[in-house]
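Here's the structure we're looking at; comments come further down.
A, B, C, D, E, F, G and H label the chains in the order they appear, each numbered from 1.
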Amino acid sequence: MTKPYVRLNKDDAAVLLVDHQTGLLSLVRDIDPDKFKNNVLALADIAEYFKLPTILTTSFEDGPNGPLVPELKAQFPDAPYIARPGQINAWDNEDFVAAVKATGKKQLIIAGVVTEVCVTFPVLSALEEGYEVFVIADASGTFNEMTRNAAWSRMEQAGAQLMTWFGAAGELHRDWRNDVEGLGTLFSNHIPDYRNLMTSYSMLTQGK
Amino acid sequence: MTKPYVRLNKDDAAVLLVDHQTGLLSLVRDIDPDKFKNNVLALADIAEYFKLPTILTTSFEDGPNGPLVPELKAQFPDAPYIARPGQINAWDNEDFVAAVKATGKKQLIIAGVVTEVCVTFPVLSALEEGYEVFVIADASGTFNEMTRNAAWSRMEQAGAQLMTWFGAAGELHRDWRNDVEGLGTLFSNHIPDYRNLMTSYSMLTQGK
Amino acid sequence: MTKPYVRLNKDDAAVLLVDHQTGLLSLVRDIDPDKFKNNVLALADIAEYFKLPTILTTSFEDGPNGPLVPELKAQFPDAPYIARPGQINAWDNEDFVAAVKATGKKQLIIAGVVTEVCVTFPVLSALEEGYEVFVIADASGTFNEMTRNAAWSRMEQAGAQLMTWFGAAGELHRDWRNDVEGLGTLFSNHIPDYRNLMTSYSMLTQGK
Amino acid sequence: MTKPYVRLNKDDAAVLLVDHQTGLLSLVRDIDPDKFKNNVLALADIAEYFKLPTILTTSFEDGPNGPLVPELKAQFPDAPYIARPGQINAWDNEDFVAAVKATGKKQLIIAGVVTEVCVTFPVLSALEEGYEVFVIADASGTFNEMTRNAAWSRMEQAGAQLMTWFGAAGELHRDWRNDVEGLGTLFSNHIPDYRNLMTSYSMLTQGK
Amino acid sequence: MTKPYVRLNKDDAAVLLVDHQTGLLSLVRDIDPDKFKNNVLALADIAEYFKLPTILTTSFEDGPNGPLVPELKAQFPDAPYIARPGQINAWDNEDFVAAVKATGKKQLIIAGVVTEVCVTFPVLSALEEGYEVFVIADASGTFNEMTRNAAWSRMEQAGAQLMTWFGAAGELHRDWRNDVEGLGTLFSNHIPDYRNLMTSYSMLTQGK
Amino acid sequence: MTKPYVRLNKDDAAVLLVDHQTGLLSLVRDIDPDKFKNNVLALADIAEYFKLPTILTTSFEDGPNGPLVPELKAQFPDAPYIARPGQINAWDNEDFVAAVKATGKKQLIIAGVVTEVCVTFPVLSALEEGYEVFVIADASGTFNEMTRNAAWSRMEQAGAQLMTWFGAAGELHRDWRNDVEGLGTLFSNHIPDYRNLMTSYSMLTQGK
Amino acid sequence: MTKPYVRLNKDDAAVLLVDHQTGLLSLVRDIDPDKFKNNVLALADIAEYFKLPTILTTSFEDGPNGPLVPELKAQFPDAPYIARPGQINAWDNEDFVAAVKATGKKQLIIAGVVTEVCVTFPVLSALEEGYEVFVIADASGTFNEMTRNAAWSRMEQAGAQLMTWFGAAGELHRDWRNDVEGLGTLFSNHIPDYRNLMTSYSMLTQGK
Amino acid sequence: MTKPYVRLNKDDAAVLLVDHQTGLLSLVRDIDPDKFKNNVLALADIAEYFKLPTILTTSFEDGPNGPLVPELKAQFPDAPYIARPGQINAWDNEDFVAAVKATGKKQLIIAGVVTEVCVTFPVLSALEEGYEVFVIADASGTFNEMTRNAAWSRMEQAGAQLMTWFGAAGELHRDWRNDVEGLGTLFSNHIPDYRNLMTSYSMLTQGK
């Protein structure tokens, strides 16, 4: 009767980045902008590093919501890019669902803006269809902590697993011996404390 | 064995506004007054915009609890208005339950003051009777965060879904193409950051 | 398949006050002392007002933990008073359990110091024995928020309902018409904002 | 050797509103947007209510900083409006200083975005020229509390007086008997708690 | 060139309690209501205990601001009571100033609601007239921390000393040997932690 | 249908200390360093005091992660010590799992750095294998509260019990009479408030 | 006209530790107990390390205030120890002042409990007498942040310099070359992060 | 008698970066690491952009304090670099003071780690020598807010001006027309919200 450990597996996972648009980002106030930007780019680096199929989608990018942040567009030039004409829940867009299904993956890693809408809605839809869903909570932002907490509650109740980008990286990598250099660089680029540890270490052991 | 997505549907939902009275509002200290007023009025605008049957109720409005805030009374002049003679749980009032049943809806969107009493009690009663219950957490206020958290815990355990007004609006609307202007105006009126985005956009694209 | 509303009923409930001792109270830092004192005395007034059987218990009251706060002893002179000789979980003390069973009640309202030990342990024991357990979270104190949150998690998982004293009072009273004066006085004594509302009201309607 | 009370006087004061532009407002994170919008509009209402000469100025309003929020433009259609071509410190703009001098007032009430630049710079310049300067701190916003605190420190050291809109209103009005209705309405429009008090009072004394 | 220690002296001090009215108290949100009520009553007990001349004043007590809290009226039945007909700054009311002068004291201990208006204005006026002014900051309340901080800044700049009720009590008492019992009781009534220390001590040394 | 109380039992429990390394500790920012150090050493003292089999493990201790904190190494010189060559989840290391199994215990008490990786991963693995898992949340640290909350959510969903070191000590000890001196000393060494209570008590009863 | 740097000098400074008593410590709630204990002991180590004359004093140590914490008594067995019979301001006690004068130092480093009384009062007295006064703010505790801030304001206005123990250590030491080992050990004992740095460094450079 | 505006002037200012070393950075806990790293690099970009003479200094960089963060070393390859052999106050190092004097500037912009030592000490020394000192508070870090506040108090009392990097940039630039592109890029690189504004603007006006 024990509960199975539903564990992220790099061969089973795809990444969905939902509505990280320049206008919508001004609504995000539950995470400091410097940190939030870092978290989103860290998740993007994870997707690229582990070669996870990645899907980009936006909502009304020609209007006040603004375009997708250019860094994401640049990092995934070949990713399916679904500019939704109106659907608020990305899962209501057939092209988006088709792109998800085309990945052939059963695990979905999702992040977006704002948490209770652009993340929660497709999370609930994907769970209903039987996907294993992992929310990258710190790459998802919203108006305030109350809004976030309510969104988390709803996703938890439905069976989503709440993670943050660092945990996802660790669970996907499994073993440092798979590539010390690569993961270390990723951490160094996104965790100032870790970068400092590496610099100190390197200075003492290699003199530079 | 996946969990169904119990999703707000504008054809299935009614709104219950419980005890937003001028005296009781002085007890609300878990949300800043400026923000709380905005959240309550945003929820009212949602109810009106989506033409959801709306029920108003108050507790002891002739005493220290004070009258219903006039804005709500003015916005829903034809809504059932149940001034409860004493029942603390609105669901213990037969007229209130009759009004709810008369809407013929199976989804109830509830907010009120204070969260752990005027919201939680009818939420638990409604769940017991089989309704799908959506709490608008940010249009519900109480003494402090501890009180709120305990109330949330009780409602979550019973199966209520915790939402905030922005998420409810998005889930009800489904697709911007249903009416860009209308929802945009609602957001502009209640989200200063969104209003700013719209103003900047409008200035750049229409010169005003 | 809906969930029944397990509702506090004044005929079914007993109150357990666990280890509100003068020494242990210096450990409580998750709630401000002025507020915490008020919350504990409000719960005591609820127990008295609704004539709920009440049981007092202490741990090592002759040592550094200190005596029970005198206000509680004075308010419940005839209550069973179990000075435990060593059991940390009050439920491990036979006299305590016997006193609980002697009340003949199936609902237990519990508060104490510190939350994760003196409250959580008997809560888990009582749930195991089939009681309906209601924790008065704001009359229970501990070292910090992290400690409290962990304790809440454990009690929630086991099926306890988290409440605060105001919610318990409302659920027990059911209808203001049962006694406006009595409950109003209780609220006035423990909620400064409510007292102010009542004073303003009284001045305007009775000129005093 | 006592210190004179440098007191706001409605006959001596002018209001400077600096760079409340739709783009720059997205930088403000030390005050919640709902509250900040309310504070700025309250200050505008004060300026209008006390008939204080008011000057509007913007920085680069055709670029990313965005246009002045339309509410301010609409409320002061005849106010001097200085769209600065590049000066970061409004006081470096000759037209702005000329407009200030044209008011003939010796007291300047200043608010703007962001606090440490658009407010602090002209505050320090105006103090240097001998004006009595009153900063409306809660109608001025910036990135975070640290930034704000540093700005406050600099302005305090230079002799500016830090106020908030409510205090300024009270100091300007001096005596309720000058106009109960007018100031009451202003407070009711910008302080939900005060509006509630007035509604309760009105209901009890006038039955509406 | 050292700075003299301007020290509270019970023979030189009077207490001014400004606008602690039931309606205005609903505006106070920078201090928790339980704690604030305790602080105000502690200051009142200090005034009575040290037999300091005390002056009560209110603003518009027949309107929404509400009556003075009854506890203060009851505790100082013979104190000058100035119901100001309209002056916002109590010092603009001749009767109030006359009452202050009639005390013949040079030190003024002031507290009130709200801090930046009802406290700050008379503080600045009294300083201008050469009084030594001591603000009891924790018996003075206002909308939020920003408002409080701005008010503190203004009063500090003008030379007021910021204190809290506990410090004032200690500075007035000078030596425990003047009356251990009396001051101990005052502390026990208003500091739960101190009461607990005294109860533990008493139990161990006197067995009760 | 009641839920059994899965209770820590000193005869059934082993302790797993995961990656408390000097480098990794610089990543911990959800708990203050003074407090966190105290919590970890308190847990170590609990393990030693109750003679619980204890297992130490580290990740990459020759690199930037740094060595195990020397206090732990010194306190458990004979404990199994698994310096993992690369596995991020300690449970993926066969020696670690073998060491756990060799204890013959069914209850695992786990703490480590960082919470969402070094704690959560082996917790989920151990639960899957049927162990009763107790997380010592306050001896586990991570980047920030959001990261911690997400980790807690995941562990709660899987059935782990969240505890803190003080609660674990109380549940393991069961009855003060088993050894007043020993547990009292442990508390005195790790809870300054408790130490103060004991010093005051000792002074009053033994004059020293 | 520049301001001289009044700098701590180990040959000119004495340390005054005021009322760090076991009972009074339960009143301290503006600093976490683990951290506060560490700060006080760090200051004691500084006094000992720099061989600064140190004076201990207590208030009513036979009553509820409790005895001096034993660690301080043990660390300074030969220090002047003034158990004040009643004076709240230590400077009102002739023996205390005599002990201060006997040190022959012009710089006083002061810390105590509670900040606004036991620290602030002697600070103001010592400044009046011309001493250079340095408050060790983080080894001084009080009820809450508001109380602390008011005490800081009063001490700043009178010319005291606010420091924390780490800054005092640095200013007294002047140059690491005076004794790397000694100061390093002091920091290692009281700053977990620094200890970790030293352990990592030592492991990499000395293999232990 | 007005106070002159002591204003940053790019021709008069030099930048001192003190002890931003990889080990010491692990002590910084009053600012989030992501934000702190950004602030330090923003200040470095300001120094480079405005071609301000810049001086780097470190304390014990071969020991646990660690090397200077490599980014700074790389950005200022030709800057005077004073690796202090032991002086805690950089101003006690003759080479450092000589380097400062060699710049010929009268305004010093200072930031460093930790605030109350490595920043405050040279700030006080420089003020004593008559320099105009501007502290970049958000590029200076320390243990916690209390430590920071005490350091700020000491520097304010001595006449330092507290600024943050954004304010310094604005005051140095004076007029956008001096170089829109350059300053805009600097802001875009260090303020995510500003970058988003620029991206939205650029998309709407240039379609990219």
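As a working rule, contacts are C-beta pairs under 8 Å (C-beta built on N, C-alpha and C of every residue); 3 or more make two chains touch, one makes a residue touch a chain.
Owing to the predicted nature of the structure, the values given are computational and were not obtained by experimental measurement.
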Common touching chains of chain F and chain E: C, G
Fraction-based call for chain E against chain C, same above half, different below: same
Comparison of B-H and A-F by number of C-beta pairs in contact, larger one: A-F
Degree value of the rotation bringing chain C onto chain F, based on Cα positions, nearest 5: 90
Averaged-CA centre spacing for the pair chain H and chain D, given as whole angstrom: 31
Rounded Å distance between chain C and chain G, as computed from the means of their C-alpha atoms: 41
Whole-Å gap between the CA centroids of chain E and chain H: 43
Multi-chain contact residues (two or more partners), chain F: 23, 26, 32-33, 66, 191, 193, 196-197, 200-201
For the chain A and chain F complex, residues of the former touching the latter: 2-5, 7, 31, 137-138, 152, 156, 161-164, 166-167, 170-171, 173-178, 191, 193-194, 196-198, 200-201
Contact set on chain H toward chain B in their complex: 197, 200-201, 204-205
Touching residues (chain side chain D, partner chain B) in the complex: 22-23, 25-26, 32-38, 66-67, 69-70, 191-193, 195-197, 199-200, 203
Residue numbers on chain F that touch chain A, as the complex places them: 23, 26-27, 59-60, 63-66, 85-89, 92, 114, 116-117, 120-121, 124-125, 127-130, 143, 146-147, 149-151, 153-154, 157-159
